[in-house]
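I have placed the structure first, in the form of structure tokens, so that the comments after it can refer back to it.
Letters A, B and C name the chains as they come in the text, with residue numbers starting at 1 for each one.
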């Protein structure tokens, strides 16, 4: 994307300092969020989230797999982001790979727990079917269709919406003859268990421009940021993950302040997102 | 609707449809029949008719190559396309962004199929003297414009390979700072006599570029070329030092009130572009006054309710102006 | 396996000569010069056009015409089984080439010398007929971007299973092993611009199947025409004098 001139950057920065951003928002105001669920009927769950001109789709597919040897009682979750060239001509070919990898890693950090699986936003032990033998592998695939800044927040919201739309088929485990053999499972075609998304966090990205931070930056505002911190907070106010982007150094007190601001903002965001998801599910049911 | 997704409630949808139906009823009947899409046959009277832009002769028929409206001027038949890239004409005022600083010229991006070129010789030198450009001037090009600068210029002509030549010799052209650049489809900007607007009551400069780039910014006095250059010097120095320090103690702050007006005007233009209405000064000012009278916050101008109200206001405005005719 | 039951209904309840439901939307990607979403049954595709704009790679610049580039990519979740490689594999490269050649033939490239037109097609859901849906979406996106074209390009596929020619195959019918004929036409000029087939067919049956596909293309064309005309009228009304 072509950059902004010095004059424009200063204008935006001073606007942020005066609490009046380029589109009139205050520093901590989100753009309107629009959620649509069930957009990919083939997947177990899916959602499309539009945040201003940013447009992302997340889909959740559940496949049967073997749990890893180190964690026999847990399922596996993997998150993968792809940037479509429709969003930005520079994403053509392999151009978007680096950026996609950065987003995928950031999402995994924020939503999945550490190596031991502890403290994850998405609890992997709920995905276990038979310890040591069969578990669910959740593949969360995201696609960025249009980008206008703040992709992490939009992707986090899309993943939360897709998970609340996800139905995992009920499984009956038939006992295997010996403990070495692959256990037989009957995957039900009719019954689905809704995924519990109460513990799934949302991601709040705070972008620092000048001396102040803003929430939900557009791509113009992102181009003048010095650094950005993305914090994932869940409904209970517990922080599930944290990433910092950008080259500028941050004073530790500033980071602590950002975390408290993020917690405060996340409450409104979670409520707004939950009501949007509910409205989307209701709209789905009303459709013939 | 393009752009931001808006969720309309049922009543809002009804009101919007009513306003659009009103617009449809007053739109020219001739025009609605003349809308064509790609590969539609255009009824042409005789072979003597000149086939202009957007038409293609296929055997005995003349077909349209773009989606648009057929216009007939005397013997000329052409298709005026709707959403398309900018179609330049000599004398157009445009706003562009510098992409590259090349030997003796700057390349600008102006929403055209090629980049436009602004020669060093078509630009006033900082000291204001009319003289031949020397090699030193060429080396100091960056002191005039750098990459990513926003510039206002005029179309001088076409080069042999189809790219544009620009000129910025008058004082009203040049670098634009302290403001915001908006991009809307070029077909929403009408060519008029005046493209520079200075809104006194708000202290805001508004430039409608024919290429769809619109500049909304704080008012800058046009400096007279004959006056001594002392007025020139402090400004660039200030902005430079401020960017070096990166502090917010810049002495030339845009006052909050002006900034609010700038954001309101920008949002009004965005709403117009989302609704695909033609953008002109009177309509924009009316919209801003409407938002002020409704006591809307600047950001609330981008919500669904205001879009519906702007549509209703525009329908009213066009009705009254068509009744006057 | 029975793809056409004795009553003459296919697996999804359609008749042999019936197309799936079409749905198109213009202007889905606001940043692009032109964009469109096209759905043929469960196959969903988004196309975005950027251009004509300055050529990014000077060595590819052509002095007398525009450079047309195309990229086709499928989302990870678009197929039933999760795809590992979404672009750059041979099928995607081949389809990118096919779309590029088809659109290049109908764009009036000599009107925009020294410029570049990028067509990006993204498949959101694949249920057979992705090639056709992509070409239809690309046509809509190019018309939306105001790029001059000789004619619209529409495309449809047809096959032959259980001794019946079938129009607009879905994924199950496509993978049944019968022939799959994809046709792209320039409807006004009545010319075939794309013709691909896999598997084998006797000559006379091939003629029938191809004719059926051409009929399908014409049906798509009337739908696209309707959408574009409505869109153009709406824009003109809103724009005002």
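Definition applied: a residue touches a chain if its C-beta (ideal position, glycine included) is under 8 Å from a C-beta of that chain, and two chains touch if they have at least 3 such contacts.
The chain lineup, named per UniProt: A = Ribosomal RNA-processing protein 42; B = S1 motif domain-containing protein; C = Exosome complex component RRP41 homolog.
Only a predicted model underlies this, so the values are computations on that prediction, with no experimental measurement involved.
**Student:** Classify the inter-chain contact topology: is it line, ring, star, complete, or other?
**Tutor:** Topology of touching chains reads as complete, every chain touching all others.
**Student:** Average the CA atoms of each chain to get its centre, and name the chain whose centre is farthest from that of chain A.
**Tutor:** Comparing chain centres, B lies farthest from chain A.
**Student:** Would you mind pulling out the distance in Å between where the CA atoms of chain A average out and where those of chain B do?
**Tutor:** Averaging C-alpha atoms per chain gives centres 37 Å apart.
**Student:** Using mean C-alpha positions as chain centres, tell me how far chain A is from chain C in Å, no decimals.
**Tutor:** Result: the chain centres lie 32 Å from each other.
**Student:** At least two partner chains per residue is the criterion; list those residues in chain B.
**Tutor:** 3-4, 109
**Student:** Please list all residues of chain C that touch 2 or more other chains.
**Tutor:** 30
**Student:** Could you say which residues in chain A touch two or more other chains, in rising order?
**Tutor:** 53
**Student:** Of all residues in chain B, which touch chain C in the complex?
**Tutor:** 1-4, 20, 23-24, 27-28, 31-32, 35-39, 54, 56, 58, 63, 65-69, 81-85, 109, 113-115, 161-163, 187-188, 275-278, 314, 318
**Student:** In the complex, go through chain A and note every residue touching chain C.
**Tutor:** The touching residues are 39-43, 46, 53, 55, 57, 59, 61, 63, 80, 82, 84-89, 92-94, 139, 141, 143, 145-148.
**Student:** Using the touch rule from the top, collect the residues of chain B that touch chain A in their complex.
**Tutor:** 3-7, 97, 99, 109, 146-150, 175-181, 217, 239, 242-243, 246, 248, 250, 253-254, 256, 259-260, 263-264, 266-267, 270, 297-303
**Student:** Give the list of chain C residues in touch with chain B in this complex.
**Tutor:** So the residues of chain C touching chain B come out as 27, 30, 33-34, 51-54, 63, 66, 108, 112-115, 143-152, 187-189, 225, 228-229, 231-241.
**Student:** In the complex of these two chains, what residues of chain C are touching chain A?
**Tutor:** Answer in residue numbers: 28-32, 35, 42, 46-48, 50, 71, 73, 75-77, 79-80, 82, 86-88, 118, 120, 122, 124-125, 127.
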